[in-house]
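Presented sequentially are two complexes of subunit A, the first with subunit B as partner and the second with subunit C.
Up next, the complex of A and B:
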């Protein structure tokens, strides 16, 4: 029988959302559309329309050594063209944001190729070739892994994920990269490191509280689904904790 | 730290406040006779970008506005997270609670009471900065890292003399740490 990954334990909606995001066979709902130019503007690595700067000549022009692994692992478009490695970083509010750093890394590892992720408590960075990055970032913004109010695209000065939301429901951002307009639409006015954009980039309306509660991948006993409500998840975590604690003492089977 | 001679209370709304709401709240509170001092805490809104490739560039932010409280103007340096007050007696706290009930209608708030929210005794840093005869109004209001002084707001009319206290407000910011 072929191996079928389970992705994660749990019977709650949070656990199911986690599995959905991780499972590359599950098509995530597309909630908004941003253009390629919008993504390039927010990322701020190059001017829109400019050619991709390269770090090395295209692989086709290089004399590569004979290597069976090179035949098995096909390079991504970015690697093939010799693009630079660039990044996108997200900060997710603890108030029911649709994704969270560890979840992002798990999901990206399952769904994307040729990435290097960095996972921290309040932010998650993913690095890859620039051409691939544009596609990945677009996916991460357009699908249900993003919410304009509780998720921020922040390259630096990320503080805010653990703070209370602002009156208008936006996550705190010292650089105020995105603003909620009178029309209820969130617009990015600065790129991810805080450089003002030539034109605002529209990322759609914030999702409502009900939607966030149904689509979050975070347990939160006050504003969402409490961890204690998911007995299967608790059992799994306790098993892992017990095993790794015992392993610390190097148990020997009699 | 010893308890303060005067009662204190702390207003903690469920959301971070906009400058407009902060202005309304502070005007209501500063209008209550018997409020001696106020400290506003919240995450900092830096004038220039502190980290990253754009470090040092201007940081326009609609939340960093100049607000007016009982005729005194000052610029918000952070987004209001909580307001701590030192009051003349317990009855003033009830007046503060009534004022908050009027303002926080869209989301709840918590009013904590105690006597240790604002530092009441000069610390070593205070001693180094102000010397042995520091003004008691300053202690607990100032951030040792900053050079600007507290904002002085005209006191609301008070029935008893109350020592002729003038209300003072200090805005304070928490650090921007990365995580």
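Up next, the complex of A and C:
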């Protein structure tokens, strides 16, 4: 019988949202559109229209040794072309941002190929070949994993995830890479490391509080769903801890 | 688990002071209008000081409005003050970096310059090998001689250089013994009187451990251990001990029997504060990485002063431990710069960890009838179910407090800060109530797992690595995999790389013994040595001392003005 992932425990809406983001069979809603050029501008790795710089010749031009793994694991387009490995990094507000650091990593591991993620408290980075990254970043910005106000695309100086929101609802950003325009649309005026852009990049209107509460993947007793209310989730964590304590990393039931 | 209510939250006063004129439960605020770094009086002082320095040396220096983020100075949000927990003293964050805080420096100086040396073997060698009589009178005479020699004075040779007493006035030697009769015969100036320094039950326990033996508590000059290193302490002390024995007991400086005395007096009975570290960490004895958590908990004296409040006693260990292990050991010995201070101070400022810990104490009373103010009474059996229950409730409460008070979340703006503080409260609740340090560590790791899944975040990469595999080693005793908490330390395999843990672990270990009402955790000799009121740093109140350092009222050793030119 084929393994069927369960993605995670819990009876709450937060738990279900987590499973939805992780499950590649679940289609995440596309909420906004950004152009390929917009993505390139925000990422800041190369000029729009420029060719992808390479770290090595295309695989087809290389004399690759006989290797059964190479036959099993098909290279991504970026790997085939020999692209550099580059990154996109997100900061997610603890005020009900739709995705959160570990959640991003889990979801990306299920949905993307050939990635290397890093998870911290205030940010999550994912690295991969550049042309693959452009696709992944576009997905991460256009779908329900993104909110223009409570999610920031930040390569450095990420400070803000745990702070109160600004009065206009935007997450704090010392570099103010994105601003809420008078038209209610959030515009990136700097790339992810803070270099000013030649033109602003629109990433859409902030989602409202009701939507955020219904779509967030973080428990929060003040603005969302309290962790205490999801007893199944807590029991699951206690069980994992107990089994690891007793049996190390080969857990088994007594 | 079932939530309980606490009427007065200990962190509220701090939050109201830090965020004046604001609702501390507000979810929104203003940014970008605080005038950058100039909102902070301390940063302005730094900028002003820099002008004079640059004019004098002709090299640029502190320039936050040009160099920070390419022209965007820090302070786009409010730069907060901090209350040192349990003190009522508010300080600037900068004043809690150890470079800016003389009390923090002296805390470490006083540990590094300390060594304990037994006298029994020396006395036996004197009597049996050299035929000398050893009496309380000769011991007193020896101690006079030693207190002359230890700071850096000659006792045997002619035409020797010596140190200026004004530079080494923090150096001295006292002795202690469990033999009341012998103690009575020692001059009071040289005696650490266990009876007077400790509560009666603790004194009895300690005297029983020491027995009829006698030990020297030696503190070499701060200026020496600073110029050299922790490995110097026992060497400097050994040289002066040897010379003092020769002088006090009128011995020949060259006969072979003195070699026997030298080994017996100088080396055989030595107790270092820290063990030597392996080459990859490249430190000698008496350096922070070699201090076992049990021993560190004995250095801190809060349980001597507050025997009926094991929570406070343990919180003092947290403050002292995070300062030493995070700010000085990991933050400067092993790394460098300024970032580590933020991790450490979260655990001893604004009464946040204090509130979480006392919540645990209240929960213990409410659910299990354990009264932390009566150490050793109604201790809980350290079962997995008990640990799970305690750690879960204390974690849930802590997370809810951060959620209900967004300004507190803003105060502890980094995940590692919050993770360390929440897990510490869990660990302390488990260890104080069970008297079992490993049960406390186990509670720490459940807290980490709960935190990670509730908020989908924890600390930084390495931080998480340690905490996500901690459950599996917390109760293990297998070599290279586990150890009882008292014997773990900063260089324990899984603990060696991460800020935000080691001070808290030390407190969890200490808490187990404070909860039981023990006089000491691991090293009774160390407990007695640091009870000394003559030490520059008061080890019963480390957080108050750090606060004094922050507001520039602490008077450290290591004075050099005697030998440098007057600037004004």
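Going forward, the second predicted complex is superposed on the first by the 245 of 254 C-alpha atoms of A that agree within 3 Å, B and C clash if a C-alpha of one lies under 4 Å from a C-alpha of the other, contacts with A are read in each partner's own complex, and residues count from 1 in each chain.
As a convention for this text, contacts are C-beta pairs under 8 Å (C-beta built on N, C-alpha and C of every residue); 3 or more make two chains touch, one makes a residue touch a chain.
Please read these numbers as outputs of a predicted model, since none were measured by experiment.
The superposition on subunit A brings subunit B into a clash with subunit C. Shared-chain residue A:121: touches subunit B and subunit C both.
Applying the stated contact rule after C-alpha superposition, one finds that A:193 touches subunit B and leaves subunit C untouched. Contacts of A:158 after superposition: subunit B is touched, whereas subunit C is not reached. Once the two complexes are laid over each other on the shared chain, residue contacts for A:223 go to subunit C alone; subunit B is not touched.
Contact with both subunit B and subunit C is seen for A:166 once the two complexes are overlaid on the shared chain.
Which of subunit B and subunit C touches more residues of subunit A is settled by the count: it is C.
Contacts of A:248 after superposition: subunit C is touched, whereas subunit B is not reached.
When the two complexes are overlaid on their common chain A, residue A:103 makes contact with subunit C while staying clear of subunit B. Residue contacts after overlaying the shared chain place A:179 against subunit B, while subunit C stays out of touching range.
Superposing on chain A, the segment of subunit B with clashing C-alpha atoms against subunit C, chosen from 20-28, 38-46 or 92-100, turns out to be 38-46.
Applying the stated touch rule to the two superposed structures, the overlap between the subunit B and subunit C interfaces on subunit A comprises residues 120-122, 157, 159, 161-167, 172, 174-176, 194.
Against subunit C, in their complex, subunit A makes its touches with residues 18, 94-95, 100-103, 118-122, 157, 159, 161-167, 169, 172, 174-176, 194, 217-223, 226-228, 233-234, 237-238, 240-242, 244-246, 248-249. Listing the residues of subunit B that touch subunit A in their complex gives 13-18, 21, 43-46, 49-55, 57, 59-63, 79, 81, 106-107, 176-179.
Interface residues of subunit C facing subunit A in the complex, by the touch rule stated above, are 3, 26-32, 69-70, 72, 74, 76-77, 384, 388, 392, 396, 399-400, 403-404, 406-407, 409-410, 412-416, 418-419, 442, 445-446, 449-450, 452-461, 464, 469, 471-472, 474-476. Partner subunit B is touched in their complex by these residues of subunit A: 120-123, 155-168, 172, 174-176, 179, 193-196.
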